[in-house]
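Below are two complexes that have chain A in common, paired first with chain B and then with chain C.
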Partner chain A sequence: MDKYIEMIRIRFLMMLAYRTNYYTGILIYSINIGAYYFLWKAIYGGKETIEGLSVLQMTTYVAVAWMARAFYFNNIDREMAMEIKEGKVAVELIRPYNYLTMKTMQGLGEGIFRLLFFSVPGMLIVSLIFPIRFSADIYTWALFFVSIILSFFINTQINLLTGMTTFFLFNNTGLIRAKRVIIDLFSGLLLPLSFFPEGIQEVLKFLPFQGISYVPSMIFTSGFSSSETVQAIFLQGIWVLILIVPIQALWILAKKMLVIQGG
Partner chain B sequence: MKNAIEVQGLRKEFKSYSSRSGLKGAFRDLFSRNYKVLHAVNDISFSVKQGEMVGYIGENGAGKSTTIKMLTGILTPSAGEVMVNGMNPHKEREAFVQTIGVVFGQRSQLWWDIAVQESFRLLKKVYKVSDEEYDRHMGHVIQTLDIGPLLDKPVRKLSLGQRMRCELAAALIHNPPLLFLDEPTIGLDVLVKLKIRDFLKEINEKYNTTILLTTHDLTDIEALCDRVVMLDEGNIIYDGALQSLKETWGEGKEVQFQFMENVEITDLEKLTRDLPVKWELEEKEQRFIAYTTDEADAVSNLIGTVISSFQIKDVKIMEVSTEEIIRKIYEKGEV
Partner chain C sequence: MFYIRMLGQYMGQYLKTRLQYRSDLVVELVSDLLFQAVNLIFIIVVFGHTDFLNGWSRDEIIFIYGFFLVPFALFSSFFNIWDFNERYIVKGELDRILTRPIHSLFQIVLERMELESLFGAITGFVVMGYAGARLGLTINWYDPILFCVFVIGGALVYAGVFILIACISFWADARTSIMPMMYNIGNYGRYPVDIYNTVIRFVLTWILPFAFVGVYPAAFFLRREEWYIYSFLTPVIGVVFFTISVFVWNEGVKRYRGAGN
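And now, the complex of A and B:
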């Protein structure tokens, strides 16, 4: 376990190695949240509520969704694709650790870093400018944290799956981009899932994406009743377990098929 | 003593896809693709004893790297038995890699953006090396390779020679009994090469470390290895002492002449027609090279005959170099 914790530390160092990235990161998050805030204000116009959410709940939803995204989002799929394409994966395989676990830990290091150093300062800036209502309830905060940790795992598992397809496709830039758009849309980052047409909502219930963004944001904005909350977190946990199966299967297959590119 | 590496009938096949030509061909490729099965490594068998230093040589694409990747557990063999340090590399990968060190000359194992010592620290944790052991062993390694002042620099700021020395140190953090070096001296200057060679010799003596080395620089092999395994198109064509390879292939002597006046090669050939000599002219430097046999009087006869007829500026007598021998073998494709 020591080595995996050390990897989180290394990831912190790597994130700190490029300062400009860090500062622009905070700026981009603030701008994103600001843009969605004004967009939603315009959509609401004079209306009190849409689909059961008030303007204040909506803006909080947007802010929280982005804050959670800082934590669960990572680029390990793109990194894996690069490592496989350039043959660097050979070096990973001569080390006594599990490549996928190590990648997950790198993602976690990145997530914790972003949460502490992007989201928190970003939120402070945003909350000075826009009215956002943070829950004072410790219980809500605790559930929210459990929920975003599960979000992280679901998103990372999907990233691992996408990354591993490089072993078979050799070039999957398009797939990675498509995956990103699908997650942003179907996870409820851009728009709460209750805004989708009934039929699509039914389908989305059977997909893992809502567990990435919709669930933690709804928990935080108190959009869920307490029984709904428990059910949603339980469902997130189930998805984390289910996704282990295709990951292991693909990994075993990938190791057999592995071709190290570039000598 | 137990063998460090034991390979029996090892084989690796790759599917190699070829693209059809033209736009029409490209569309057809979307549905079905042509491929050939390539035998990168073809039924090879050999074994290496603990503490041996073996040079693994061959032309580009002969299958050297593929073999190393199978021996280190990265690639799964298509067929054959591999036992390294008493384990099956790809089946028990995580336990197995704990017992080996690998340096890929063309790939970095260190993390690009962070200081070297941070990479070392991570590897120390990864290989579960205790603090005392690290200080004792790595202290010495760092001193011998002279990388102390580089430790706080990020890898991207190091020169190739500096980086290679750090890579070597990184591969030795857990003091493995077996070391794989895949072209460790590629692109390095003479001084760094010498330093690395001395260091490898030292750890081999001190810890009885087995070293398998692939390189295109035969001086590395000459300096380090008593034994060479030569690969050609996936087959082992020679496995034995470097010295005996030299003795069988290094027959003949080479004598270089430079003359004071202008000489035609036909004159020389006419002059020495009774001797077992073949002449060659090196246009660029106006040097004439005579290849003759190993017999005791061949060289003196040749020089005597030539000197009696022409005025000479310079003469050099040379043995056939290892490089020359290997070139001849590669060209012929067998030993």
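And now, the complex of A and C:
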């Protein structure tokens, strides 16, 4: 266990070395959120609420969805693809740790760094410019944190799956991009899933993507009732467990299939 | 002439390398299509809840998006310089570029082109066709000509802005995350600029003139006469920004000192 925590720490410190990146990042995220703010204001026009969300809740939703993304988002699928392509994975495999767990921990280190140095200051700045309502209820905050940690795991597991496809496809930049686009849309980052037509919503209920962005953002904006919240978090947990199965299966298969192309 | 021949040569080589990984190429095309579809789905879903966006109808917004795809496809096929800093400055690759007998920027354009992005233009035409038919838009004899002019203008705007940002690397060493985010900001030119407040509108018109890639030129074909002045400014802005960026690039190259070995 120690070595994995050490991995989180090292990634964190590595990110810290490049922290200047993030100041410009915050500015640009704010512009991004700002543009969505105006877009949503125009969409609402004179309407009080759409699908039970007010303009204020919608703005908060957009802001928190983007800021939470900074935490759960990582590029470990791209990193894995690179390591597999360059043959570095051979060295990784003989090291005394589980490659996939190690990748997850690196992602977590990155996520914690971004949460502290990006999301928190970013959210403060955004809330100064745009009307955003923070919940005063400590219970909501606690649930939100549980929820984004689960978001991180679901997203990372999907990334691991995508990364592992490199073993079989050799070059999967296209697939990685496709996965990213699908997650942006179906996780509820761009718009709350409740805005989709009924039929699509029914399908989305059976997919893991809602657990990435929609659930934490809805909890933060108090768009869920308390029973809905508990149910949603429970579902996130279930998905984290379910996704372990294909990851393990693919991993066993991948180790058998492994072709080192160089390195 | 030499430049055109080089372009042909590089294109041929590029196609060969891409066709080596055929399955990946297909997935990439599909992912491009998905990406374009996502934006379209966003518009359609949103208009399931409202009829007008500040006086613009659903089909008009879809048309603007379709138009935007065409110059954007042109831009993303040839100006993939978003990772210029890491790829060329940090790794010292620019040293090699500078020894080549063609202009350094052109050499990078050749090396980094991604011709498959051109398929985005086809999607753009399909989307415009769909929206245009629903709006009952008519095509005059001069429209195709102006269309080409506006598309090139829009692509030059994008190219100019991104080259200017790439040029930052010549003066500052720090890695910046501006580039990827700029793609996000570029997307706001797809929506009618009058939904934004005056500051953002000003920025999108004169500082990061992404509005000239989407809404302004598209407004001409939608016959929105109040925007005609801006529509016709498109090629001007494009040429001005591109010229400035090439000038800054040349200055930057003069300052460049190799980092690699």
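As a convention for this text, the second predicted complex is superposed on the first by the 260 of 263 C-alpha atoms of A that agree within 3 Å, B and C clash if a C-alpha of one lies under 4 Å from a C-alpha of the other, contacts with A are read in each partner's own complex, and residues count from 1 in each chain.
Assume a contact is a pair of C-beta atoms (placed from the backbone, for glycine too) under 8 Å apart; a residue touches a chain by one contact, two chains touch by 3 or more.
Here the structure is a predicted model, which means the values were calculated and not measured.
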Touched partner set for A:L116, first chain B, second chain C, both or neither: neither
Partner chain in contact with A:E6 - chain B first, chain C second, else both or neither: first
First, second, both or neither for A:Y18, with chain B first and chain C second: both
Touching partner for A:V91 - first (chain B), second (chain C), both, neither: first
First (chain B), second (chain C), both or neither touched by A:L124: neither
More chain A residues in contact [chain B versus chain C]: C
Partner chain(s) touched by A:N32 [first = chain B, second = chain C, both, neither]: second
Partner chain in contact with A:I252 - chain B first, chain C second, else both or neither: neither
Overlapping contact positions on chain A, where the chain C interface meets the chain B interface: 18
Residues on chain B engaged by chain A in the complex (per definition of touch): 14, 65, 69, 72-76, 90, 93-95, 97-98, 100, 102, 104, 106-109, 111, 113-114, 118, 121-122, 125-128, 154
Complex contacts: residues of chain C adjacent to chain A: 21, 23-32, 34-35, 38, 41-42, 45-46, 48-50, 52-54, 174-178, 181-182, 184-185, 187-188, 191, 195-197, 200
Chain B contact footprint on chain A (complex, rising order): 2-3, 6-7, 10, 13-14, 17-18, 87-88, 90-91, 93-98, 255-256, 258-260, 262-263
Chain C-facing residues of chain A, complex: 18, 20-22, 24-25, 28-29, 31-32, 34-35, 38-39, 41-45, 47, 50-51, 169-175, 177-178, 181-182, 184-185, 190-191, 195-197
